[in-house]
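Shared chain: subunit A. Partners: subunit B in the first complex, subunit C in the second.
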Partner chain A sequence: MAWVTWRQHRSQLVATAGLLLALAAAAFGTRLPIHAAFHRDSLSACLPPAARSGCDIIVPHFEAEFAGWVTAARVLAVLPVLAGLFVGAPLLARELEQGTYRFAWTQGVTRRRWLLSKTALLAAAMLLAGAAASAVVMWWRGPFDTLEGRIGPSSFDVEGLVVPAYALYALALGVLAGLVFRRTVAAMTSTLVAFAATRFLVLEFVRPHFLTPLHRVVLATDTGLQPGDWVLSNTLVDGGGRQISAAREDLAVLHATQAGIDPHTYILTLGWKRLISYQPAGRFWTFQLIEAGLFVGLAALIVLVAVWLVRRTPT
Partner chain B sequence: MTEPLDRAALLRLAAGAAVVGAIPDGVRKALTVDFPQPHPKWRFVFVNHALTNPFFVPTKDGSYDAAALLGTSVEWTGSTSSDVGEMVKAMRHAVATQADGIAVSIVDPQAFNGPTALALARGIPVVSYNADGGKGNTRLAYYGQDNYQSGLELGARLVRLVDRGDVYLFIATPRQQNIQPRIDGALDAIRDSGSPITAHVVASGVDVGRELTKIEATYKANRGLRGLFAVDAGSTAGVAAVMRKHGLHERGVKAGGYDLLPATLRAIHDRELDFTIDQQPYLQGFLPVLQLFLYRYSTGLVAPADTNTGLHFVTHANVSRYLTTKSRFEGSSSREQYPVG
Partner chain C sequence: MSPSPLVAHGLGKRFRREWGLRGLTLEIPQGAIVGLAGPNGAGKSTLLALATGLLAPTEGAISVLGRDPLRDPGVLSEIGYVPQGSPLYRSFSVADTIEYARRTNPLWDDEVATELLTRIDSKTKVGALSEGERARLALVLVLGKRPQLVLLDEPFASLDPLAGRELLQLLMDGVAETSATVVVASHVVADIERVCDHIVLLAGGGVCLEGNVEQLLESHRLLTGPRRPLGAVRGVREVVRERHSGRQLTLLTVVDGPIVDPSWTVEPVSLEELLLAYMAPERLPAPRTPEKVPLRWHG
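And now, the complex of A and B:
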C-alpha cells in the first residue's frame, strides 16, 4: 500500500516538501535582521519583572519595524487546511469521480484496509510536515514570543502541537467530504468551510474555557495588559461592579472635560475599575495539548465515520 | 488699615536699615524699580450678593490689602440676600458715580449683562469674582473657583464616601450661578459613578437659621439617609450642626460641603464633617483689585486675565493648620500679621 500511496500522491507530497523548504528559506532569510534588532536594542532586558527604562518606546518600535512580516506570518495559519484540500479531499473523491474505485476496491486488499492504510500513511506525512512547519515558525517567531508571549491566537495557531493536529483534522475532513460529495471540487469546498467553521468555533467558544480564566482587577486607567497573557475580556466597571458602556464612559469624559479635569483622574476618583479576564502565558503548552488532542480526536472520529461509510458504498 | 509705603517712607526705612547695616532685599528692589509711580487713588467697587455672609470676610480683607498695597480704595456694595435687583441697582450706581473699576459676583445668567456693557462702554473695566454665571456677559475676566469643576469633584468624593442609599444635597439658592453649577457637577458625578445612590436636592434658603431648620427637618423626615452635603458656606455650617446634634457621624452618615466658616472647620476637626472645600476667598478679593489696578495703571494695556482660585479639600488630616492659624487669609483674624499664626 505504501508504494501505491506514494505513486498516487507523490505530486502532493513533493509539493508539501517544496513548500516546507520555501518556508524554511524565507524564515532563515528574514530572521537574521529580526534577531539582530532584538539583540541590538537589548530587548531581553525589557522583559518583566525587571524591565529597564525606555522599553515603552523600544518595544513598540521593534514591533512596528517588523509588523509587516509578523502579519504575513499569520497567513501560515492556513497551511494545515491545504492538507485537507489537496491531499484529503481528492483521496476518495477522485477515485469515485473517475470510477477507478471499482478497480481499487476489487483487489485483494479490503476497502477498509485500503482506506485506513492510505489515510494513515498520508496522515503521517502531514503530521511530519505540520510539525516541521510549526518548528520553523516557532524558531522564527522566537523574539516576538519572548516579548508578547505565545498563548494569544496570532501565535498559538501557528506554533506548537496544534499545527500538525490541524493538518490531521483537515486531512480527515477532506477524506470524508470526498466520500460524501464524490466530486473533488465540492469536497475541497466543503472541507474548507468545515475546517474554517471548526477552527472559529473552537477559538471563540472552546479554547478560552479549556481552563478557568483568571481575573484581575486594576485601576480604571491601567491598561491591565501584561505581556504574554491572553486577555479574554477587558471591562470597565463602576464601584457597584456593573459594566460601564461606551456611552457612559464618553459622558463621564465629557463632564471631566467641561470641568477642566483630566478625564483619567476623574474616572479614578469615581472608583471605576478595570476587570480583566485572561489566560496566563504559562498555560501555553497545556492549551496546546488540549487543543491538539481535541483535533486529533475529531480527526479519528471522522476517519472512523469514513471507514464505516466506505464499507457501505456500492461498487 | 495699613497705609501704602510711598517712596519717601521706603527711603526712610532704607536709611534706618543702613544704620544697622542691613537693607532688606524687598526694600532694595523697591528702591530700584520705582513702582508704582504716583497715580490717582482709583476707586474700585465690589458688587456682592451676600454682604453679611462670613465667607466674604477674607475676600473683603484681600481687597483691602491689595488696595493698601497699591494705593487705591475699595467699596463693597450689593445685597445681603442675593437680591439681583439690589445688586444691579448697586452696579448701575457705581457706573453712574464713575467708579474706576467694578468687580461683581455674577449670580444671575442675564441680569448683569446690561450694566456690564454699560460700564465697559463708559470705559470702566468690569471683572467678575466668586460667581461667573453670565450667559454672554462681556466681563473682562473671572477670579474664583470653577464651580462646575468643584461640584464634580465633590460628587466624586461623595461617591467614595457613600456607596449606596439616599443622600441630600443642600443649596441655599437654586439656580444662583455661583452654587447651581456645583449641584449640577455633583449630580453628574453621582450619575457617572453608577453607584446606587439617590441624590435629593433641597433648597435651604439664605437665612442661616432657616437653613439649619430645613436641614434638620430633612434629616428627621429621612432618618435612613446616608449622606448630607451642601454647596454653600451657610448650608455647610448647618449640615455640621445637624450632624453634631444628632450624632450622625457615629451612625455612618457622611457629610461635607464648602468653605471655611469656623463652625465648619471645628466640625471637620471633631469628625462630624468629612470634608469641606477651600476656594481661596482671600484671593477672590485681592486679585480683582490687583488686576483692575494694573489695567488702570497701564491704561488698558495689561488686560485682566481669568484666575481659577482653585479647589482644595480640607479634611481631618489637614484641618489643624486652619484651626491653629489665625489670619486674614481665611477670615479668622482681622489683624495684619507676618508671619501668620
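And now, the complex of A and C:
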C-alpha cells in the first residue's frame, strides 16, 4: 500500500515539502535582522530574573520593531488545517465522486485495510511535516519567546507538539468528512468549519483549565502583568474578596477626582486589590503534551469511526 | 460438484423508497458463462454491486465463492469485477494502473497482464485512452488477478461492435484455461448471446427467466397459425406470448412434446426473441411504479 499511497498522493506530498521549504526560507531570511537587533540591544541581559535597568524601554522597543512580523507569523496557525483540506478531504471524497472506489475497493486489499494503510501513511507524513514546521517556527520565534514566554496562544498555537497534533486531527476530520459527504468541496468546507470550531472551543474553554490556574493578589494600582505568563483573568476585588464591576471602579475614580484626591491613592485606601488568575510560563510543555494528546486522541477516534463506517455502510 | 460461485437467496436492495431488486433467488452453476440480461433498471448492476460488497443487501443474502462479500471481503482477491464505464484513475499511466493492481492483489499474475496488453503503450495516461482501450485495460486488470469469478457490468455499452468483439475474445481467451465462472451483464442481447451458455434474465427487480441456453432454446418453439380462439394446443405447456398480425397468430410457447396439429407451423426461437418475450411488461412479476418505460412490442 505504500506505493499506492505515494502514487496517489505524491502531488500533495511534494506540495507539502515545497511549502515547508518556502517556510524555512522565509524564516531564515527574516530571522537574521531579528537576531541582529536582539544582540545589538543586548536583550539577553533583560531576561528574568536579572533584568538590568532600561529594559522596560528596550524590550517594548524591540517588540514594536518586529510587531508586524510576529503578527504575520500568527497566520501560520492555519497551516495544520491544510492537511485536512488538501490531503484528508479528497482521500475518500474523490474516489466516491469519480467512481474509482468501485475499482479500488474490489481489489485484493480489503476496503478497511486500504483506508487504514493510506490514512496511517499520510498521517505519518503530516506528523513529520507538522513537526518540521513547528521546529522552524520555534527557532524563528526564539528571541520573542525568551522575552515573553510561549504559553500565550499566539506562540502556543504555532509551536511545540500541538502543530503536528492539529495536522493529524485535520487529516482525520477530512477523511471522515469525505466519507460522509462524498463530495470534495463539501468535505473540505466541513473540515474547515469543524477544525476551526474545535480549536476555538479548546482554546477558550478547555486549555485554560488543563491545570488549575494560579492566582496572585497584587496592589490594585499595579498592572500585575509579568512577562511569560498567560493571564486568564484580571479583576479588582474589594477587601472582602468580592469582584468590583467596571462601573463601580469608574465611580470610585470619579469620586476621587471630584474630591480632589489622586484616584490611585483613593483606591488603595479603599483596600481594593487586584486578583490575577494565570497559567505560569513554566507549564508550557505540560500544556503542550495535554493539548497534543487531546487532538491526537480525537484524531484516532475519528479514524476509527471512518474505518467502521467504510466497512459497515457501503455505497 | 463444486459449490455454486454465486448464490442469492431472497435478495433485495432498496434505494430510498424504490426497490432495485427484490426477492431474488439465484444459483449460478460453476464454470458457466452467464449472460445477465434485462432492460435498463432491471437490477443487473445492483446485483453485481451486491456480489462485490459495494452494496449491502436490504434483505436476503448473497454469497460469492461460498463467502459473504461484505463480512469476508478477502474473497474479492478471487473475484474480477469490471464496473460499468470501467472507472480507473485517469491521471495514472497504464503501467501505474497495472502496478496498482499488482500491489493490491496477492494472486496477481504478471504474465497474463503483459501478454494481453501488448497493443497499448504503457506510458499512456489512462485519461488519454480510447473507450475501447480503457475497457481492455480494465479487463486485463481483472484477468491478471486469475479470478475464479469474473463479473462484467455492461462492458460493451460504450464500444463499437468491433472493439466489443475483441473484448469478448480477450475475455474468452483469459478464462479459457482457468475455467472461471463469468457473469456478463448487458441489456443488448446480441452482445452476449455469442458466448454465454447460461442466461439469467432480470426484469422488475427479480429473475424472470433462468437456465441453460441450449435447454431453453430446445424447450421453446414459435408456433404460427391461422387466427382462431385459443384452446389448449397439444404439446404446448405454456404460452409465453401471443401476437396477432393480420390473419396470423404467433405464439411463443414452452413445449413438452411434439406439436402434432398440422395447422401450426413450428419454428425454433432465437435467444433474443425469447428474452424479449419474457421481458414483456405483462409478464413482470409484480406491478411497480411506472417510472421506467416498459418494453413495447411491435407487431
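In this text, the second predicted complex is superposed on the first by the 313 of 315 C-alpha atoms of A that agree within 3 Å, B and C clash if a C-alpha of one lies under 4 Å from a C-alpha of the other, contacts with A are read in each partner's own complex, and residues count from 1 in each chain.
Simple rule for what comes next: contacts are C-beta pairs under 8 Å (C-beta built on N, C-alpha and C of every residue); 3 or more make two chains touch, one makes a residue touch a chain.
In this text, all values refer to a predicted model and were calculated from it rather than measured experimentally.
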Superposition on subunit A - do subunit B and subunit C clash or fit: fit
Subunit B or subunit C, by number of subunit A residues touched: C
Which superposed partner A:E63 touches (first subunit B, second subunit C, both, neither): neither
Touched partner set for A:D41, first subunit B, second subunit C, both or neither: neither
First, second, both or neither for A:Q8, with subunit B first and subunit C second: second
Which of subunit B and subunit C A:T269 touches, first, second, both or neither: first
Subunit C, subunit A and subunit B - angle at the middle CA centre, rounded to the nearest 10 degrees: 150
Which superposed partner A:G108 touches (first subunit B, second subunit C, both, neither): second
Which superposed partner A:G99 touches (first subunit B, second subunit C, both, neither): second
Nearest Cα pair across subunit B and subunit C, whole Å: 67
Set intersection of subunit A contacts, subunit C complex versus subunit B complex: none
Contacting residues of subunit B [partner subunit A, same complex]: 146, 148-149, 152-153, 156-157, 159-160, 163-164, 185, 188-189, 192-196, 308
Interface residues, subunit C side, partner subunit A - complex: 49, 52-56, 70, 73-74, 76-77, 79, 81, 83, 85, 87-90, 92, 96, 99-101, 103-108, 138, 141, 145
Residue ranges of subunit A touching subunit B (in the complex, touch as defined): 238-240, 242, 244, 248, 251-252, 255-256, 258-261, 266, 269-272
In the complex with subunit C, residue positions of subunit A that touch it: 1, 3-4, 7-8, 98-112, 114, 311, 313-315
